[in-house]
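Consider the two complexes below, in which subunit A is the common component and subunit B and subunit C are the respective partners.
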Partner chain A sequence: MSITLDQVTKRYQGSPVVNDVSLDVAEGEFFVLLGPSGSGKSTLLRAIAGLTGVDHGRITLHGHDVTHVSARQRGVGLVFQNYALFKHMTVGDNIEFALRVRRTKAADRRARRKELLRLVALEGMDDRLPTQLSGGQQQRVAVARALAHKPQVLLLDEPFGALDAKIREELRRTIRQVQRELNITTVLVTHDQEEAFAMADRIGVMNLGRLLEAGRPAELYATPATRFVATFLGAANLLLARQTAQGIRFGATPVNVRAVEKFDGAREHEVVAVLRPEEVELAPTRDNLRTNYIAHGAVEELVFTGAMERMRVRLNNGAAGAQIATASEAASGTALLEVTRTQHEQRGFPVTLGQSVAIGVRRIHVLPTPLSSYTSCGSDASAAEQLAQHAFLSELASRMKTRIATRVEPALATMTSDIATTPISGVAVVGASANAAAQIRWLLRNGAGEVLVLPADSTPPQRVLIHWADDESRRPTLAVAASLLRHVPAEAVYIGIMPEGVSDMQRPAGVRTLLDARSEAQAVHGLEMRTELRFGVAADELRRQLQDASDQMLILGVSSLDQLSGDFSSLLVPPPGCSLMVVYRPTDTPAGELRTAP
Partner chain B sequence: MAGGPSGVVLAELASRPGRDTAVATLIKLTFIGISLLFLMALLFAPLITVFAAALDKGLAMYFASFKDEDTLAAIRLTLITAVIVVPVNVIFGITAAWSIAKFEFKGKSFLITLIDLPIAVSPVISGLIYVLLFGAQGWFGAWLQERDISIVFAMPGIVLATMFVTFPYVARELIPLMQQLGNDEEEAAITLGAGGLMTFFHVTLPKVRWGLLYGVILCNARAMGEFGAVSVVSGHIRGLTTTMPLQVEILYNEYNFVGAFAVASLLTLLAVVTLIVKSLVEWRADYKKR
Partner chain C sequence: MKSSFRQPSILPGFGLTLGFSTFFLCAIVLIPLAALVMKTATMGWQEFVKVLLDPRALASYRLSFGASMLAATLNSVFGFVIAWTLVRYEFPGRKFIDALIDMPFALPTAVSGIALTAVFAENGPIGQYLAPLGIKVAYTWIGIVVALTLIGLPFVVRSIQPALQEVQRDLEDAAETLGAGRFYIFRRIILPTVMPALLTGFTLAFARGVGEYGSVIFIAGNLPMKTEITPLLIVIQLEQFEYAKAAALGFVMLVMSFVMLMSINLLQAWGRRRIVAASR
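And then the complex of A and B:
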């Protein structure tokens, strides 16, 4: 491995800017770090270059641990967005700078300079001053300068940011060519997904300091694992659907799309489906569709963009009941679908504004995230409404680009009726009232897979504690934790708890459990978390941990409701003063408990 | 594009403000007129007076003024003071500007305020501080007397007072410049393997040289012309602790107008030359930017 990052963390004034990033970049690979501004990608690049120290973790270049080696000694090549050329030196002197530092002989310097200028196609420009060159040429000089000392790693920090589109494309090609010719391991930072697609062997997408996913461009585009990656890499419609044993269902319309991943587990549940605008087919009627019908809709916006036609189609209310997964769309009740069509498709079926069309999909990708949407539950309308306005919940929902539905269940107050009319979809949210424990059990019995308990004054957490009752709930709890932590800039800590007074013989087993949990979180969910081992009664230990500091949150996984009323009852009554997420996946569902929508 | 106006012409047209109306022209002329009149009354007239008075009794008398031993000593003292003060302040100014522009630390704004202090405080008070510290009745007075070191009413005091009054000039010139230019080039140099000294002399110094030169010129002008602070610590010992501004005052008080204005004219000349050099530097820097 050329570059290896191991749990690299950089904090700025207490909050992590780069949060537990682990990454391997192979020899000769062109890796692109992609993310919006403020996602920590530039900080990570500077950490690799040695210009920024890290608070935690290790950086290895070609097998040498360089975490504590100065930038001067690391010998990487770094190219800045604003070129950072030495303006008082000629192009030749700029390029020779690194060699002069190393006291290379003049003849060798000149030979190397010539070679580099040829490489970046600037032959004969030796005696110009940087100010006499265009932006694109200056950046070429910067690349040549960064390569002069034959670095093993080339780092580029938004190198095309200050250039206009045409020059950008040309320079992209040059840099890619140089990279291939020298076979030098390269990391490029950018916020432009088109640029990432054009250059990368592999892309790593960052947000809020975390490396969310890394993979080949085509894979990431087709099968993203997270909402953020799905929407940041190109346009995407996020739709809430229900996944059943038969396949995907939008409201009442079942969709038999071949490309849908296999259904795992027996419970029918809500999922987030990614629908790329170019995978949508339009036809005058349902029978004319060659693909799977999902709904009818009306064309609301139509833009001609040359090669493509972009439009927004409003799904007919009630036609499918499909709901787009954003807060603003949820308010209007119906959803707008983004569609792009090629010239060829346009000629086959020309549409006009306001026209009613049948909508089909070629391909649907279901996100593996267990958190689809939020349902704020209350015993009366005002309670549910108030909870839906909760600051932390709104922030979570907007970051996850999902909606908050409200639901009034008088049963939450009285606990008389044991069965809800329709199963609860998504994450059920309740306030931290005195009988929260009973409410959690009621909601879990009625189809909710996760219940979020929010005290009125709870804030976004800095630290998320994770604990599961037994091995069966490890996997789902980790999945929920990983999904949540992608949208919350907090540190994850798994708390393993062993009974007080276990023998020394058993302790290694406890430590092994921790390590297994950590590696599973990293391997399966890409979640970096710390681990802590405690001794005592689980509920008491967790309560003590939560009282230790403010701004914490607990994710608790259980596999049976008895665990909630038994082992963890003292944790829930009274409810803790911080946010609590209960994850419940019954191990073997009795036939009577599997409820489907009528 | 053949036959159309050239790009330069188009750009010039685009940048032209709206057509001048008669009223706008009138307002423009009035404003320029007021500014010029103000400068005439307050600047040019006194300047001319200085030279007129100096040359009142003819060139011979004018040059004879500079043959006076005390006057020569004053000129020498002024130049020596400047030679010591300016380099020290350059070093201090670069250090202070570097630490303020490149590092984040607690009390940074306090340090900036401290650097501004000499400009805010009256020069007389600046001088008094040194008398209180090093004078016979001062904190260190007895200790210094035992060792036969004189600071106040001697050259060290004059140098110290001048240094205090002039130390903001270089730093204040460099701080905004260094902040604006950023760290990219230095960081580039470091990743290319350059050490601290090499980075400073090959990258940072060339980057800020014009600003630095400008600061040095201002610092020098003030160092040679300082009156208030120096007057307090000098003790006015003729031929020993008088600088040029003090000498002007002494001669004037003795009704030796030609001598007073001759020294004054020399001081003015130094100031004018300094200003001309400053303008040249600015012009040069502007030219460089293009």
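And then the complex of A and C:
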């Protein structure tokens, strides 16, 4: 491996800007770090270059640990957005700078300079001053300068940001050519997904300091694992659907879309489906569709963009209300679907504004995330509404681009054993009241897979503690934690707890459990987390940990409701002062205890 | 043809503004200077040369220009350090120190002269520690340099500050990844970038030092041949109603200052040309 990052963390004023990033970049690979501004991608690049120290983790270049090696000694080439050329030196002197520092002989310097100028197609420009060159030429000089000392890796920090579209295209090609010719491992940082697609062998998408996913461009586009990657790489319609053993269903209309992903888990549940605009088929009637019908709609917006036609179609039945929209947009009740069509499709079925069309889907991708939407639950309407306005909950929902539904369940106050009329979908949210423990059990019994308990004054956490009651709940808890932590800039810590007074013989087993948990989190869920081993009674230990600092959150996984009323009752009564997420996946469902959807 | 000098401008009134500029400069600068030359011309060549080459006058030239040069040099070094600290670091009291830099601008020079004398006199708070070491500051040429350093400091700091702000962090980062050490980066990247501003600051501080009178007379002791600066000599001549002699000395200072400032400017222009010439 050319570049290996192992759990690299960089904090700025206490909060992590680069959060537990692990990554391998292969020899000669062109890797693109893609993310919005403030996602930590540039900080990570500077850390690789050695210009920024890291607070935790290791950086290895070609097998040498360089975590504590200065930028001077690291031997990387770095190219900046604003070129950072030495303006008082000629192009030739700029390129020779690294060689002069190394006291290379004049003849060798001249030869290397010539070679590099040829490489970036600037022959004969040696004696110009940077200010006499165009932006594109200046950036070529910067690339040549960064390569002069034969660096182990080439790092590019938004190198095309200051250039106009045409020059950009040309320079992209040059850089790709140079990179192939030298076979030099390269990391490019950008916020432009088109640029990432155009250049990358592999793309790593970053958000909120975390590396969410890394993979080949086509893979990431077709099968993203997270909603951020799905929406950041190209356009995507995010739809709430129900996954059943037969396939995917939208809203009330049973739609049999052949699910690409296998259906795992015993019961049907709410999922987030990604529908790319180009995978939508339009036809005058349902019978004309060649693909699976999902709904009817009306064309509301039509833009001709040359090769493609872009439109927005308002769904008027079936999947309406299924599209995940931000809280404000959800109020309209119906949903808009983004559609793009090729010239060929347009000729087959021309549409006009306002026309009613039947909508079919060619291909749909279900995100593996267990967190689909939120349902704010209260015993009366005002309580549910108020909870839906909770700052942390709103932030979570808007970051996840999902909706917060409200639901009134009088049973939450009376604690009668009433059964809900329809099963609760998504994450159930309740306030932290004195009988929260009983409410959690009631919600879990009525179809909720996760319950989020929010004290009125809780803030977004800095640290998320993770614990599960038994091995059965490990996997779902990790999945929920990974999904949540993609949207919260916090550190994840798994707390393993062994009973007090275990023999020394058993301790290695405890440590092994921790390591297994960590590697499973990383390998299966893409979640980087720290681990801590404690001794004592689980509920007491967790409560003690939560009382240590105010800005924490706990994710607790259980596989049976008895665990909540038994082992963890002292943790829930009274509920802890911080946010708490209970994850419940029953191993075997006793008859009558769990309702499935009709 | 007539309007070939005129550059198109959004502001009208080229004739008016040029006329005003000419009038203003004449009234404030040229006419008084011409009067100085005229007054000098009232004495004969022989007498003029005698006044000029008077040993007491020669000693004062050396002191005035030498001390100013030394003070400006000191200011260039320490002014650079101060400007660097203010631009590059964020620390409590930074704004306060920044404001403090301008104090010598605002203070009446006589006040700073008296204050320096009090501090550096043999029984003063600093002078008492320097005296046992054999260093006498007040009433020697060292005192003059100290006073001129104080007066010239803001010129240097204020000239360098904007230039230093322009030196992007990226430049240093780039040099560092290319393998350059700190001293190398300073010498090859930062200094060349700041050099023009540094020279400007030096020039201003030097010019100010040559013309300074108020603060120096208090700390200098004013011993003829030893600690007597040229401006003081002029005042002494004036007090004896020797107007022509005073004018002659003033004329000499004018010419020498002009020559030195001119040569620094030429040096700067030459430096710029050298960079451009290298690009051909």
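Observations, loosely collected:
Note that in this section the second predicted complex is superposed on the first by the 576 of 598 C-alpha atoms of A that agree within 3 Å, B and C clash if a C-alpha of one lies under 4 Å from a C-alpha of the other, contacts with A are read in each partner's own complex, and residues count from 1 in each chain.
The working rule: contacts are C-beta pairs under 8 Å (C-beta built on N, C-alpha and C of every residue); 3 or more make two chains touch, one makes a residue touch a chain.
Predicted model, so just to flag it, every value in this text is computed and none were measured.
The superposition on subunit A brings subunit B into a clash with subunit C. In the superposition on chain A, A:Ala71 makes contact with both subunit B and subunit C. Of the two partner chains, neither subunit B nor subunit C is touched by A:Gly426.
In the superposition on chain A, A:Thr90 makes contact with subunit C only, while subunit B stays out of contact range.
In the superposition on chain A, no contact is made by A:Gly526 with either subunit B or subunit C.
Shared-chain residue A:Gln132: touches subunit C; no touch with subunit B. On subunit A, the patch touched by subunit B and the patch touched by subunit C overlap at residues 49-51, 70-72, 74-78, 80, 82, 84, 86-88, 97-98, 101-102, 142, 145-146, 148-149. The part of subunit A that touches subunit B in the complex is made up of residues 49-51, 70-72, 74-78, 80, 82, 84-88, 97-98, 101-102, 131, 142, 145-146, 148-149. Residue ranges on subunit B touching subunit A, taken from their complex, read 184-185, 187-195, 198, 202-203, 206-207, 290. Here subunit A touches subunit C in the complex through residues 46, 49-51, 70-78, 80, 82, 84, 86-88, 90, 97-98, 101-102, 127-129, 132, 142, 145-146, 148-149, going by the rule given at the top.
Across the complex, subunit C meets subunit A through its residues 168, 170-171, 173-181, 184, 188-189, 192-193, 275-276, 278-280.
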